[in-house]
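Chain lettering (A, B, C, D, E and F) follows the sequence in which the chains are written, and residue indices restart at 1 in each chain.
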Amino acid sequence: MTRGFYIGRFQPFHNGHLSMVEQIADDVDELVLGIGSADDSHTTRNPFTAGERIMMITKSLVGYDLVTYAVPIEDLERNSVWVSHVQSMSPDFDIAYSNNPLVIQLFREAGIEIRQSPMFNREVLEGSEVRERMISGGDWESLVPEAVVDVVEEMNGIERIQMVSESDSNTNDS
Amino acid sequence: MTRGFYIGRFQPFHNGHLSMVEQIADDVDELVLGIGSADDSHTTRNPFTAGERIMMITKSLVGYDLVTYAVPIEDLERNSVWVSHVQSMSPDFDIAYSNNPLVIQLFREAGIEIRQSPMFNREVLEGSEVRERMISGGDWESLVPEAVVDVVEEMNGIERIQMVSESDSNTNDS
Amino acid sequence: MTRGFYIGRFQPFHNGHLSMVEQIADDVDELVLGIGSADDSHTTRNPFTAGERIMMITKSLVGYDLVTYAVPIEDLERNSVWVSHVQSMSPDFDIAYSNNPLVIQLFREAGIEIRQSPMFNREVLEGSEVRERMISGGDWESLVPEAVVDVVEEMNGIERIQMVSESDSNTNDS
Amino acid sequence: MTRGFYIGRFQPFHNGHLSMVEQIADDVDELVLGIGSADDSHTTRNPFTAGERIMMITKSLVGYDLVTYAVPIEDLERNSVWVSHVQSMSPDFDIAYSNNPLVIQLFREAGIEIRQSPMFNREVLEGSEVRERMISGGDWESLVPEAVVDVVEEMNGIERIQMVSESDSNTNDS
Amino acid sequence: MTRGFYIGRFQPFHNGHLSMVEQIADDVDELVLGIGSADDSHTTRNPFTAGERIMMITKSLVGYDLVTYAVPIEDLERNSVWVSHVQSMSPDFDIAYSNNPLVIQLFREAGIEIRQSPMFNREVLEGSEVRERMISGGDWESLVPEAVVDVVEEMNGIERIQMVSESDSNTNDS
Amino acid sequence: MTRGFYIGRFQPFHNGHLSMVEQIADDVDELVLGIGSADDSHTTRNPFTAGERIMMITKSLVGYDLVTYAVPIEDLERNSVWVSHVQSMSPDFDIAYSNNPLVIQLFREAGIEIRQSPMFNREVLEGSEVRERMISGGDWESLVPEAVVDVVEEMNGIERIQMVSESDSNTNDS
């Protein structure tokens, strides 16, 4: 049995993420999706809460023949202990997946196998593209799984991201 | 669709927890199991990491006809914001389940429906009973689902809890 | 113009605190009441929030001819920076008042004048006495200013402290 | 009895803030002024400590026929629990006042009435205008209440903001 | 070149610690002394600051032919990342020394060689013995190196520990 | 006996720092080198851990006739308590050395003697120059003491800084 670990912020979970999961599914029997910056929400870069992102991921992967775990990972703001933190929050895994150079370096220094993929660039680009379309009123729906559209609409996510994007302060005070 | 939220430390997930889940399953379509004190581990009271507890819960509930989510909830050490913290980390829920008076009070003040159960007392008692048997070499296996026995053995959990129970210091220094 | 600083948890503000304020009023023109452990609430020892304690203090001192400031002081859990923390949160003060040996030592090491009073012992004793009476249903009302009775009743404080006193866990999980 | 809550950083408290308070005074009997980023100081954006800001506010509002509370609110860096945090630190309030879109969104999601005002834009602009004039040696005194001039001069505030504005590091190390 | 790591709170550094260092000196060329609970001070259990403990250690080891490093290790309150935290704060080491079962378990799980010693029990016992004698006015001087006597006297350490031991509160409020 | 305190991030320790130490050595008998942002690492601005920086400093100063202490100082993110924090972590000192205006202001407000030096500008400039050369593959070796070259090479520091500099995210998630 092989278990993989795939870290992302999933703000929101989109088709690029989905493609990555499909690709990783060829390597592993089970997959942990680590939800990074889990404690951040209500910002332009991180509009959705960890709970909302769990819903997006779980509902999007419901038809897939892959055991998945969606696990919130709060920021510790300390790179030197980040791998240990991830390991304590996640079911044990054999391979990590990321294209982020910092993440790759941290896993390598910890002696954990890490795999990259050309898909990742697409994924990163699509994250901000989706959020920008949400803010400007563009077609974001075509970039995400249908389940994500449902989750975002149910919690009035477009109103939220549009509101917080107007705020130039990140400290909640005028 | 009704979703419930059941908070516990699950150190480890045992038969009392399982009975509770079976009972709650009559009320709800989906159930979030909030793993409290997720950032604590390697102590007599909290021997297992959040990741290990996710495995125990997920493997134990694999045959049940209930959509479940196992979500780590790190301690914030601040009762007044605890309900908001839980809500941000968890998929949205309609009813909370607990027999802990503090938890009940906090949910009530937040205007969230909270249900109690006589099963809870059994559950609390069994938690420390299981850990004491693990430490003293007694029969803990009969008090937990088989999947939990597997998880504990795979990660040498008995050795760990026996070691940390000898430590009278909780600050990692001799 | 002389300003004093009087630190307490004020759980709740009671007649012993009031006597202390009356006594300090002879020394100073203005008085800062620092509300210690401001981030703690919903426990047997700290049942009330900082906001509720501000109300108790302000309403109790409304008829007094003394300029007062009620200032929440969150715990930093680090004695060596505690005086600097207090100084940054409080209007500048000339004299500190306390009978707590640790507080006295910390202010002394920082070179700040600190005064003790025999009233303080009464004050400390009354704090737990009031809370015990609240829990057991005794006469706590006679030990506190009338304004405090109003504040506690308005927020259902007796129900809260009775509930949380039943909870043997301080980690919000059953 | 109606109590309002008005959040700001008040760095420093200026005439725009004062106008807002005067306008809010028509709606409410009592007003809580929540001092945001209370734990920040000695930076260009947040030059003054919470204690210094309490003095500015209290002294500026001394002649007004309005019960006011100046309450420091430390940053929690977690938007999802921010409203609960504010509620625990502040006397209970009925209406919140802000023009900050993030603050408005957070209060709305929490089901709390929030009111905006055209005055807010003036207020925000004046905040940085005042600080820039302090740094460049311009006429900042005409933009703030007289009491604020006194507070700033007494604690050598101009020297402080001019010094820290020269520092391009926010980590206290060269 | 072999470097060892020896963790302790060193409250204060006493003859038992010194014997341990002498014994470890046979194994290694260099020794890191990790000062645990570095952020704690002014309590009965942790009376001295990290800086004061650095002085005690450095002055006590001045005549020894061993390269030593005294490194403060702040508490992270999270056992699962503790080893990574220690590794990031300390020069790289080959062998850890401790008799604390929790520390041993954490290093073992991280795959780091850890050595125990019968000396450790003596060391632990002497720590509280020294502090008790300091509080009660007994002969603590004979249990510590001369350099420690100098450091404690210079900073009025006996007065400090006697004062804080009278305080039954660890939250700085009466 | 005079002891100085010199704060820096030492990312890495370079010839500018060394010149400063040589200059300070004329004033003092002992020197504490406070390693700022000790908890930060694996970023372009702070590539090295505190432990790695202790090694750089200690090895570089081995031939100097000056008692030195290399002390990690973790960020507290609160300017108002920073001086107290530094004082608790460091052996007692008489004079602080810095050219950073914020540091100078904080020490001045605390009543501690602080000295500036024209050398500091060189030092600051060289810090980023060294890191840029490390990233681009330029000649960084000539800007640092030989002992630093050894430390960086031994821990594959160039690979690390080149990897993390590619990462545009500081939150460890793609």
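In this section, a residue touches a chain if its C-beta (ideal position, glycine included) is under 8 Å from a C-beta of that chain, and two chains touch if they have at least 3 such contacts.
Bear in mind the structure is a predicted one, so any value in this text is a computation, not a measurement.
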Q: Mind listing the chains that sit against chain A and also against chain E?
A: B, F
**Q.** Fraction-based call for chain B against chain A, same above half, different below
**A.** same
Q. For the chain pairs C-E and B-D, which is connected through the larger number of C-beta pairs in contact?
A. C-E
Q | Centroid spacing, where centroids are CA-atom means, of chain B and chain E in whole angstrom | A | 35
Q) For chain E and chain F, what's the span in angstrom between their mean Cα positions? A) 25
Q) Between chain C and chain F, what is the separation of their C-alpha centroids in Å? A) 42
Q: Indicate the residues of chain D shared as contacts by at least two other chains.
A: 39, 41, 49, 78, 80, 87-88
Q) Among the chains present, which pairs are found to touch? A) A-B, A-D, A-E, A-F, B-C, B-D, B-E, C-D, C-E, C-F, D-F, E-F
Q | Residues of chain F touching chain D in the complex | A | 7-9, 34, 36-37, 75, 78-80, 82, 98-106, 109, 120, 123-124
Q. Considering the complex alone, what residue numbers of chain B touch chain D?
A. 76, 78, 80-81, 83-85, 87-88
Q: Can you check the complex and tell me which residues of chain C touch chain D?
A: 38-39, 41, 49-52, 54-55, 58, 69-72, 74, 87-92, 155
**Q.** Residue ranges of chain A in contact with chain D within the complex
**A.** 39-43, 49, 159-160, 163-167, 169-174
